[in-house]
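Two complexes follow with chain A in common, the first pairing it with chain B and the second with chain C.
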Partner chain A sequence: MKCTADIDTRDVEELYINIDPIQAGGRLTVDAQKAALAYSDGYSVCDNCRKPFRLDYINKPPIADFHHDCAEWLNMDAVRLVPGARRGFQAVASSIVEKGDPVLVTALSHYTEFVSLEQAGADIHEIPKDECNHITADNAAARIEDVTREAGKTPSILFVEHVDYQYGNIHEIAGIAKVAHQYDIPVLLNGAYSVGIMPVDGKALGVDFVIGSGHKSMAAPAPSGLVATTDEYADIVFRTTQAKGDITGRTFGIKEVEMMGCTLMGVTVVGLMASFPAVKERVLHWDREVKNSNTVVDALCAIEGTQVESDMPREHTLTRINTIDSFDKVAETHKKRGYFLSQSLKKKGVIGVIPGSTRVWKFNTYGLTDAQIDHVCQSFQEIARENGLNVS
Partner chain B sequence: MKCTADIDTRDVEELYINIDPIQAGGRLTVDAQKAALAYSDGYSVCDNCRKPFRLDYINKPPIADFHHDCAEWLNMDAVRLVPGARRGFQAVASSIVEKGDPVLVTALSHYTEFVSLEQAGADIHEIPKDECNHITADNAAARIEDVTREAGKTPSILFVEHVDYQYGNIHEIAGIAKVAHQYDIPVLLNGAYSVGIMPVDGKALGVDFVIGSGHKSMAAPAPSGLVATTDEYADIVFRTTQAKGDITGRTFGIKEVEMMGCTLMGVTVVGLMASFPAVKERVLHWDREVKNSNTVVDALCAIEGTQVESDMPREHTLTRINTIDSFDKVAETHKKRGYFLSQSLKKKGVIGVIPGSTRVWKFNTYGLTDAQIDHVCQSFQEIARENGLNVS
Partner chain C sequence: MSRRAVDALFQALYLLTDIRFILRETAPVHELDDEQKVRAGKAIEKLKKQVTILEEELS
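After this line comes the complex of A and B, so read on.
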């Protein structure tokens, strides 16, 4: 048996500027770091658990209040915490989708959306993206018609990404929801790249479910996330157990089936809560983040042959960039091949670009300071110049 | 909107001796505390995630090795991590049970077992406990016969607790598994109160699934746990996604459906790993823990009218005690009513007994030092004497 005791201390966030696409919004706040240390023991929030014995009823720490505040913040009626956005997709799929039901996702849906629906036995169909890499209400409407005709019934649910993981584009959610509701199809918003970093108003978007990720965008430890829904669907997705022991006659109170009772009993819920005031504040400054994103994108586009595949100007901090005619040309002859880019960046104190990637890759500027943004811009351009690429 | 920023620092483990039934095995080791601090950021273990992009393939930190070591340690063939034992029950139920299938649990099954099977649409039946509060192979056999006759088919699975949450009794697992296998019924072991605190050998027990809880018994943050299985069932429960985008043609590699891809991407997996060497060592000293448990139980039984409802002598550190004829008699006339016991204990530095409980309650002595054990014994007896109960 090998020894797995030696876990190096992680210090990348202290030593480097991290532009990893998935990690930017999940860095803990200082308050969450402190809370994580204080509540790291297993069932640490259960000290004062009293009847009816469910996580969202605990008052000390103020978990019950947090649930209410979080629902209000998202302009939805009810919130529950789950171990990751994917577990939110799973809870909704398991509640709404019957085996064999047609369902809709999009050409930009994350694999966890597919997997949650696959687990529910769904017949999964995609809404195509348009030529601008957008999911539109028109395409949704056309696809609802197609799938309904083929399947003989309307899709049970439509999953759509507020911001997709491939391009970081913001999609036409209100329009899509309006169309779906004309066919009585409930709409789930995948807010993994929005809830916690940019303003999200569930009622204004007109969706039935808002799913957020704590470790992706709410400055919380993994796995954490949330399901928010309306009064209409709360009783379905948050239904309580009806199980009864046939010999003992036991019943199990108000434990919710899809939540499996309690969900985040320690460091994860406390991390979410401790970051929440800062998270509420930071979404109000989204414009600053978008500005920074555009600054880096502009610096990259000044390098000859570099193209942005995401919407321009950027409306989000996650960006997909095409450097086939710039950094990848360098890689062809560089002794380190495609690894030169990530290695050169690391030497300059920037990490988060997948080692070996020089063709199409993604980065996320969320949460960087102005000085860090400048440094990232300079680093890319210096590496370009050092390797013979023109910078305009 | 109320402010939920104020989360008091938790210091109960520093200030008190905690005999809470569910918290004892989930207190972090010092190594896990350090690791939890270093890896508290959301996707902290994903810095070096490379193809095929799945948690259990990550080598730095050594998550891949940990999976192998953990399987070997439990004498099972394969392990995956999940956000809590309940998510392990869910993964197995979802894979094995079809809607309407008869399944067996026990009269001592935890609610999370019921809920996971309810979610899968199972027709749930209990195996009765015998007069000693044990689940026996004989009762399992009889119940398999009954349910098979009633349902017209054999149960799809049998869930049984290695150690139940009500009495902390150790059940006849090998015998039950042998009986179940005679009917080709796979057996899931709920090891929430065994994996990580006492020796568990899956092959010796003859079970098909071993479920463990990180936050209950493996000195890890919540939510965390594991599913261990055999080669026979690994391909079923850990099956990879078959989903395919019907427009994009996208497929999703080796992501596993029941795991929903990756599970514990940060503090939770690192907490499990950092505690693992200490956990492997501590299960070897289970005899010491059992001795301590008996010491406290003996001290309680010396108080007039006090009875133990769990097996005697104790073979586990979780114990169910009946003080209806001792502390509850005091409560009848005490000005603090039933709260006198928890409050008196707290004054003496002992917490973890549910406030108000003086009739039938539970405690767990796991992990206490000899000096702490002595103090707990003295505290109970002093409170008894102070309130006019004889102590022999």
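After this line comes the complex of A and C, so read on.
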């Protein structure tokens, strides 16, 4: 079926169970889909934009209230919406980091964390992961000492992932923040895999910035996200423009430099807002999602030769699985080679495993119903049996 | 201007969206339980009413 002459209708969420590792938390709620229908035009939220002409001041739809509610929900002092988590990293890096400053990321940081700091001219160093694929306070402390000694000054910021994209492990954020603050280093929490799907309390974690992704974990259209901070840093990151035209003498009111004025002006912001009540509710049921994640992992581990590379038992819905000694053995002789797994899954109504992957791959069970979880478990085990693998 | 037609249009789109989500939550087999069948049935009935309004207003 086509949307237009050249664009297919995207109907995979209606036809299949989607376990794609990056798509699960970004599926829209029913309210966001309805809001998207009504606000699909470009500047649709700007009908009632009045002085001082800034997105976070618009009252109809209630975008101003949403900013306040979002900050309160994260237990932070101020929030701005940004077109994706990466633009949050960029805004913070651009505000805090001076050219040549040493900065810290981790061995599990996303490339956009690196690139945002590279843009700011930072001297980037990584905190290593431990043997369990965790970023620890001890390793952070040691690395701060090393980098400070080498650079002759302390890092100007530390970026750390609440949940990393490679393993879906939850890291020692409060301890890392405590250590960093002993050196007066502000801490940015990459909450792309936590904000919107599991409880996040910025003050309890002790971080200075919380970055969230709307399209990854807040049931919102792309590109959307947020940057939250404390009163201490709000005036720095959300500073207003001082620019003045030298011929015209024009000034630009309270436009914020890092936001480039307004950010999310249509379906993205209204989608975020429409999903927000359901998002606030769903994080309270994180234990159910973790239980479902463990159910699928247990079903996979019952297949001879399959191993989980993420923490066990699972504490998150994103999981890295190693099937080198199970499905990859099948792929060695299967006529469809490594594509047999994704194709077999699709025949059973499950998509989201990268075609060709039979060695180490990831999946995400977030948001599936109990019946869908059972279906995924049965599908993996049936494929295993159909291809001669033992299932215990 | 037909406010009635416009309201019926959006109401129909929202009802279709409710049906869309029943298809999502029951994918891939779309075997609806009793509660889902009731929800789907109500949405379809309401949708028919909105389509009737559109016919009245626009034809």
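Please note the rule applied: the second predicted complex is superposed on the first by the 387 of 392 C-alpha atoms of A that agree within 3 Å, B and C clash if a C-alpha of one lies under 4 Å from a C-alpha of the other, contacts with A are read in each partner's own complex, and residues count from 1 in each chain.
The working rule: a contact is a pair of C-beta atoms (placed from the backbone, for glycine too) under 8 Å apart; a residue touches a chain by one contact, two chains touch by 3 or more.
What you are looking at is a predicted structure, and each value in this text was computed from that prediction instead of being measured.
Chemist: What is the contact status of A:T263 with respect to chain B (first) and chain C (second): first, second, both, or neither?
Modeler: Only chain B is touched by A:T263; chain C is not.
Chemist: For chain A, which side has the bigger count of touched residues, chain B or chain C?
Modeler: Counting contacted residues of chain A, the larger count belongs to B.
Chemist: Could you tell me if A:G349 is touching chain B, chain C, both of them or neither one (first, second, both, neither)?
Modeler: It touches chain C, and chain B stays clear.
Chemist: Identify the partner contact of A:E126: answer first if only chain B is touched, second if only chain C is, both if each is, neither if none is.
Modeler: first
Chemist: Once the structures are superposed on A, label A:Q372 by its partner contacts, choosing first (chain B), second (chain C), both or neither.
Modeler: A:Q372 contacts chain C only, not chain B.
Chemist: In the overlay, answer first, second, both or neither for which of chain B and chain C A:G25 touches.
Modeler: After superposition on chain A, A:G25 lies in contact with chain B alone.
Chemist: Please indicate which partner A:S392 is in contact with in the superposed arrangement: first for chain B, second for chain C, both, or neither.
Modeler: A:S392: touches no partner chain.
Chemist: Considering only touches as defined above, state whether A:E13 meets chain B (first), chain C (second), both or neither.
Modeler: A:E13 contacts both chain B and chain C.
Chemist: So, does A:A38 touch the first partner chain B, the second partner chain C, both, or neither?
Modeler: both
Chemist: Can you list the residues of chain A that touch chain B in one structure and chain C in the other?
Modeler: Common to the two interfaces on chain A: residues 13, 27, 33-34, 37-38.
Chemist: If you look only at chain B, which of its residues touch chain A in the complex?
Modeler: 1-13, 20, 22-23, 25-28, 31-44, 46-47, 50, 60-62, 65-66, 68-69, 72-73, 83-84, 86-87, 89-90, 94, 99, 105, 107, 109, 111-112, 114-119, 124-128, 214-216, 219-223, 241-243, 245-248, 252, 255, 257-258, 260-261, 263-268, 270-271, 273-274, 276-277, 351, 354-355
Chemist: Quick check on the complex: what are the chain A residues that touch chain C?
Modeler: Those residues of chain A that touch chain C are 13-17, 27, 30, 33-34, 37-38, 348-350, 369, 371-372, 375.
Chemist: For a test of understanding, state which residues of chain C touch chain A in their complex under the given definition.
Modeler: Within the complex, chain C touches chain A at residues 10, 13-14, 17-18, 20-21, 23-29.
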